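Take a look at this one; I'll ask things after.
Letters A, B, C and D mark the chains in the order given here, with residues in each chain numbered from 1 onward.
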Amino acid sequence: MMDPQAMADACAAAMLRDDASTRSLGITIDQIAPGQARASMEVRPHMANGHGMCHGGLLFTLADTAFAFACNSYNQRVVAQHCSITFLRPAKVGMRLEAFAAQRQRTARSGLYDVVVREAGGADIAEFRGHARALGQRFFEEPAP
Amino acid sequence: MMDPQAMADACAAAMLRDDASTRSLGITIDQIAPGQARASMEVRPHMANGHGMCHGGLLFTLADTAFAFACNSYNQRVVAQHCSITFLRPAKVGMRLEAFAAQRQRTARSGLYDVVVREAGGADIAEFRGHARALGQRFFEEPAP
Amino acid sequence: MMDPQAMADACAAAMLRDDASTRSLGITIDQIAPGQARASMEVRPHMANGHGMCHGGLLFTLADTAFAFACNSYNQRVVAQHCSITFLRPAKVGMRLEAFAAQRQRTARSGLYDVVVREAGGADIAEFRGHARALGQRFFEEPAP
Amino acid sequence: MMDPQAMADACAAAMLRDDASTRSLGITIDQIAPGQARASMEVRPHMANGHGMCHGGLLFTLADTAFAFACNSYNQRVVAQHCSITFLRPAKVGMRLEAFAAQRQRTARSGLYDVVVREAGGADIAEFRGHARALGQRFFEEPAP
């Protein structure tokens, strides 16, 4: 059986290989573990909305990215079905944001993950909850035992 | 009293003036009315995620943008408190997406809006529901009656 | 092929036959159609919570019941996966409440339904959104064409 | 300043005094602490729905009750604004269910709480998340320091 951490690393590598969107937003995957991921992003001027704060959609995108890497860490391709986000505080231009995704529930086909978006070393910015569903596909063949 | 449509137009103009994020994502506001907005976006290659589909965060961002313009159409600055999205079908690179936001409930301080994201002339891609809360500020002084 | 309205009626009858909970709460199913249902309930004194209003859980239960009858109207057993409710106004003891469930999206295996809870002839009390998933079972054999 | 645990106990007592609904459903409040509560309920035959499982609305009601006692533990009357529930497994007649509510976020006016519904000594049945908002009222006068 493959080591769970090695599997999580290999899944993240497979995800990143084809992933243009994360890169183009300046999101980096800083840590990965089975059922967990940490992603980060700096709020740049072009991310500010009409109220002068980071567009809520980009806070969601950061959280959703951490969620995607956390739930795809078991060599089972899963996709998001339903997600919700609660905005706690505005994130200002220049802030460095970190998103911590952690698995809360996991069954054969579905999973529930919580993600906190936080200013690095600071206050919580948003709470995200994601529902994932397995597609019945793998990222790679696992070595025979 | 100011004409509701003129007010909605003026609010949208005020929102857009300072809004770098919408522009940088290639989102346009195509229509505005009291409590309603339509926004659109083309899925470009750099928006694709590791599964080869538009990053869910960017679908959310399109919906959230339509929501923001719809709920900010009454010359009362409101912000998103809590939003949820259900992903129905993947959106592929090259698709033109439209988001239709419509008010469902509105009280003195809070509002509830539904947004459908649809391939232009095609199938529904996502359903979004947004909860807004008024900040107690205006975009501009209204002309005396 | 079976008439859609006859099928919806037959599904509701099958649901009600075994359903003790709806009866014990005084909820009645007043109307049924393919993808739609209307249920009602009176707020009785024993339903009031510590703030002197109808317990939010019972408002949810009324909405969830209308949702269940609406999504189970196609002779496919479906169950609720995820539901959310927004409380708009308190419901007082003595009020007659109606819940209107309507289908918003439906695919082979899943469905999305909106339910409004309203004081009969009065204001909206709550907005509910339910996600359903098919179990792959039927209520009854359909007559051969 | 009043001891936080004594305050939580006094709030729960004030809530229970007027609360007919919790009693009539057979829900008991088993534990209370600042920002936390545990409630329990047995699934009785009259709670079963048309699929032969506990009505999802009553699972919600149990979770919502634990949430209400947790968020009302600071001598500030708060009400639920928006709640969501994810159903993980059916709860059968005869099961004893426990709901554990814990505060996740709290600001001056609003709070976010997570509740797990679990079979006593068994598996998780549902995950609930509740958003609370303060009314600006107290349960009782606090003794002068």
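As a working rule, a residue touches a chain if its C-beta (ideal position, glycine included) is under 8 Å from a C-beta of that chain, and two chains touch if they have at least 3 such contacts.
These numbers were taken from a predicted model, which means no experiment stands behind them.
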{"item": "Chain whose mean Cα position lies farthest from chain A", "value": "C"}
{"item": "Which of B-D and A-D has more C-beta pairs touching across its chains", "value": "A-D"}
{"item": "Chain centre separation in whole Å, for chain D relative to chain B (CA means)", "value": "35"}
{"item": "Separation of chain A from chain D, taking each centre as the mean of its C-alpha atoms, in whole Å", "value": "30"}
{"item": "Sequence positions of chain D contacting 2 or more other chains", "value": "81-82, 84, 86, 131"}
{"item": "Sites on chain A touched by chain D in the complex", "value": "84, 86, 88, 104-105, 107, 112, 114, 124, 127, 129, 131"}
{"item": "Complex interface listing, chain D residues touching chain B", "value": "81-82, 84, 131"}
{"item": "Contact footprint of chain A on chain B as seen in their complex", "value": "14-24, 45-52, 54-58, 60-65, 68, 72, 77, 79-87, 90"}
